[in-house]
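In what follows, chain A forms one complex with chain B and a second complex with chain C.
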Partner chain A sequence: MRRATTLLSTLLVAVTLGVAAPAFAQNPIQADGVNPMGARPTADSVNEEFLFKQDSKIPGRISIPDQKAAILIQPQGREYQAFREGWLPWIGALVILGMIAALGAFFLFRGRIMMEHSQESGKKILRFNAFERFTHWMTASCFIILSLSGLNYIFGKRLLMPLIGPDAFGALAQWAKYSHVYLAWPFMLGVAFMFVLWIKDNIPNKIDWAWIKAGGGFIGKGHPHAARFNAGQKGVFWMVAGFGAAMSVTGLMMIFPFALTDINGMQVMQVVHSVIGIVFIAGILAHIYIGSLGMEGAYDAMGSGKVDLAWARAHHDLWVEQEQARTASGPQLKGHPAPAE
Partner chain B sequence: MKAFAAAVIAAITLGVLAMFALTSSQRFAYQAFATSGARVSEPGTNLVGPRWNGAPRPDEFESEPHGKAEGEGSHPKRS
Partner chain C sequence: MARMKFLCDADRCIECNACVTACKNEHEVPWGINRRRVVTLNDGKPGERSVSMACMHCTDAPCAAVCPVNCFYTTADAVVLHSKDICIGCGYCFYACPFGAPQYPRVGNFGSRGKMDKCTYCSGGPEPDFSTAEYEKYGSNRLAEGKLPLCAEMCSTKALLAGDGEMIAEIYKQRVIKRGYGSGAWGWKTAYRETVAI
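Right after this comes the complex of A and B.
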């Protein structure tokens, strides 16, 4: 009897479901995602908008130790790519070509700043000793390679690859990348050496302000007073120190990727490194111009280390007086005919 | 001139030392992040795509995707 009751109950449930189920089945007229009750069944489910309110990127879950591979969506990457492929080449071209054009215009306007001869002409004074010149040239030679290989990151595929083909460009770009990463180390060491060597002569003071107000001798005749370094040279020093430090920090972040930053930080480092690098190159172009073509006698300071005393008197009169006073009172150069030599 | 020559030699020497120091501690991602339970395939040689800008070609998804793993993969562990 009990078994018959169970059987009957089961049959009743089955019949009820068989009749009722089609009524609850999806209506073919009903739109997808909308149930007959008028509610959207996926409305409360997790979506991108909800996840981005909690974090700037959407991570997943992975089983390999490389946790950065778990990032599924990082929208800032699109902004980074737009900068890298869109803005950066234009910024680079405008700043660097603009500086070359400005220097060319200045050369046409002012011409080469010639040495002013006096009775002191022909005598030499030591401006930079051997270690100072070694430090300068180690940093400078690395900077030139770093600049060219750095510009290759931006312009190589646009300018070089169409000329030499993708295979040659690939090999060249790979060697440029090696030189960029490895010569960064002597460059950083050189910047550190220069900072220690020359900071005492590069502290800004009132003489610099007077030098700037007088146009630095570039405009008009005559030379304003200057100690060992004038305000322009101090500007170059602090540019190299500041930009050198910034390039070192951001460069180290890229040599050791993801060591201290996430993907967003890596993108920021690349943006900072590239923008500062471009301005740095433009600034050093001006430094190279004035130290070679732009001013007669200036190259000797870093060439042989000794400059014409008349040139030194015209451009760094306070330093010459200081050196002559030191030499006259010191025993180190006794017997030398030329002061401070 | 001596200072310049010494500077160039020193730069190259330091660069070579940096190369040895860095390469000794570097491994490819597919080597560094593979475990006994997870294989990370070598991504190939050109991760930036055929136009070197990271963007796909318009017809790329109809043909072979860039960055496809090339070469012989490691044998999966049987257990």
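Right after this comes the complex of A and C.
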């Protein structure tokens, strides 16, 4: 009986094998895992090297709603690290300290540019009205705090942290970050106001070219002709407008991260924001110098709003003529705003 | 001391997301924050693979380098940790991180990212081990208990390996030799500037 069972099972196995054998040959997956197309579905897979040849980063599919998490590896983070820790502190230090050194050298060489007296000295002419001055100082005060809190992102850990310790520096940096983010809004408003207020007096023309060729009166004697704003001041205007717009756009992208761009876009925003910010600070340092220490009589324009008529005649002769022609009362322009609105 | 690393054997990962869930539960991670995630590559195409990814605890960590307040530190086990007391939530570490590890809770209407949160390799933070403050800020400290990160410990296919870099590399090497293929140690070149040679 047992022998019969064994015989039967052997027969069954033989029959099964016999039936199965042709079917096995038709199966696309062979014993060694290679299909007729020559591919090995189990063993062959994507790999890092292959994916990096297709793209500079490795994007995939993710089941959580945070789509920026779908990027598996972005080696550009290392490049961003190299820029921020390698290049940026040097660019910042060289540009800003270079500007301070240049202004110091200019002060030693040229000294304070003093007012030249004439019979018109002592009379005043209104140069910037109250709203213009408010707009200027709102933007300026925001700019100073934005500059310091911005530089803190680069130099704080190198200069301030060793002095006051990590905890105090952490608290300070937290407030610096808040001020940077919140004061960005009145700053952007101020830049927009200034642009509207002063653009009509800042269109470049032939007089500017003559002013530049004459060295702006900085070198040698005499004053080239200038309307309300000379070429240098127009340069400051267009710098504030251009850099202000660039800082606003890149800054907004960082206030709303990943709203419009991906990780590499965010890195570019960072690089652009920091480099332009440094150049902007250096440019404004020159503006602060010439508007205060560098030139006698210049500060009054943004201080009281009224400048000495002799100073105005020397520096902005065409503007004074225009003002006097506009008002019958001559140089006494009390209460009348300058043509800026 | 050991040099702690993660290695995800993508030929074993089945995208079950249990590592993600275990991590969230172990550390009571808030809503919207993922210290670990699973990314599927070549989804639906031949050669598809899934990789579980979190902070890789890099050598010369980019996050630590770019941090404007130097809130990062590296432990004796080469685990990259940070102090939430010093962090200002600026977001720079996310731009620098090649693996998208740093996470930020949203605490305000605009520009108000909260303090950064990321994988701690289950080893807490600067506070004393097992303290309430440590648990509330960083989650549990399994390493101080002599245990490895939970994500790797409970991985059902043992795809995710955690431990000393040389040991897990050796385990991975043996697997590749035995089965005859392997898609490589994902992210190792970027994180550690070396890969597992087989």
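Couple of notes before you dig in:
FYI, the second predicted complex is superposed on the first by the 281 of 341 C-alpha atoms of A that agree within 3 Å, B and C clash if a C-alpha of one lies under 4 Å from a C-alpha of the other, contacts with A are read in each partner's own complex, and residues count from 1 in each chain.
The rule is simple: a contact is a pair of C-beta atoms (placed from the backbone, for glycine too) under 8 Å apart; a residue touches a chain by one contact, two chains touch by 3 or more.
This is a predicted model, so every value here is computed, not measured.
With chain A as the common reference, the superposed partners chain B and chain C clash.
With both structures placed on the common chain, the touch criterion links A:72 to chain C but leaves chain B unconnected.
Once chain A of one complex is fitted onto chain A of the other, the partner contacts of A:96 are absent, as it touches neither chain B nor chain C.
In the superposed model, A:181 lies in contact with both chain B and chain C. Legend: residue contacts after superposition of the two complexes on their common chain; A:312 is shown touching neither chain B nor chain C.
Of the two partner chains, neither chain B nor chain C is touched by A:275. By the touch criterion defined above, A:130 lies against chain B but remains apart from chain C after alignment on the C-alpha atoms of chain A.
Touch criterion met: A:189 reaches chain B, while chain C stays clear of it.
Of the two partner chains, chain B is the only one that A:138 touches; chain C does not reach it.
Superposed model on chain A: among 40-48, 94-102 or 112-120, the stretch of chain C in collision with chain B is 112-120, the rest showing no clash. Of the residues of chain A, those at positions 63-64, 66, 69, 81, 85, 157, 161, 181-182, 255 touch chain B in one of the two structures and chain C in the other.
Residue ranges of chain C in contact with chain A, taken from their complex: 10-11, 17, 20, 32, 34, 37-43, 46-49, 51, 53, 62, 65-71, 83, 85-92, 94-100, 110-113, 179-181, 183-184, 186-187, 189-190.
Residues of chain B touching chain A in their complex: 1-4, 6-8, 10-11, 14-19, 22, 29, 32-35, 37-38, 40, 52-55. Partner chain B is touched in their complex by these residues of chain A: 63-66, 69, 81, 85, 130, 133-138, 140-142, 157, 161, 178-179, 181-187, 189, 255, 303, 305.
Residues 39-49, 51, 58, 60-64, 66, 68-78, 80-81, 84-85, 152-154, 156-157, 161, 166-167, 169-170, 173-174, 176-177, 181-182, 254-257, 263, 266-267, 270 of chain A are the ones that touch chain C when the two sit in their complex.
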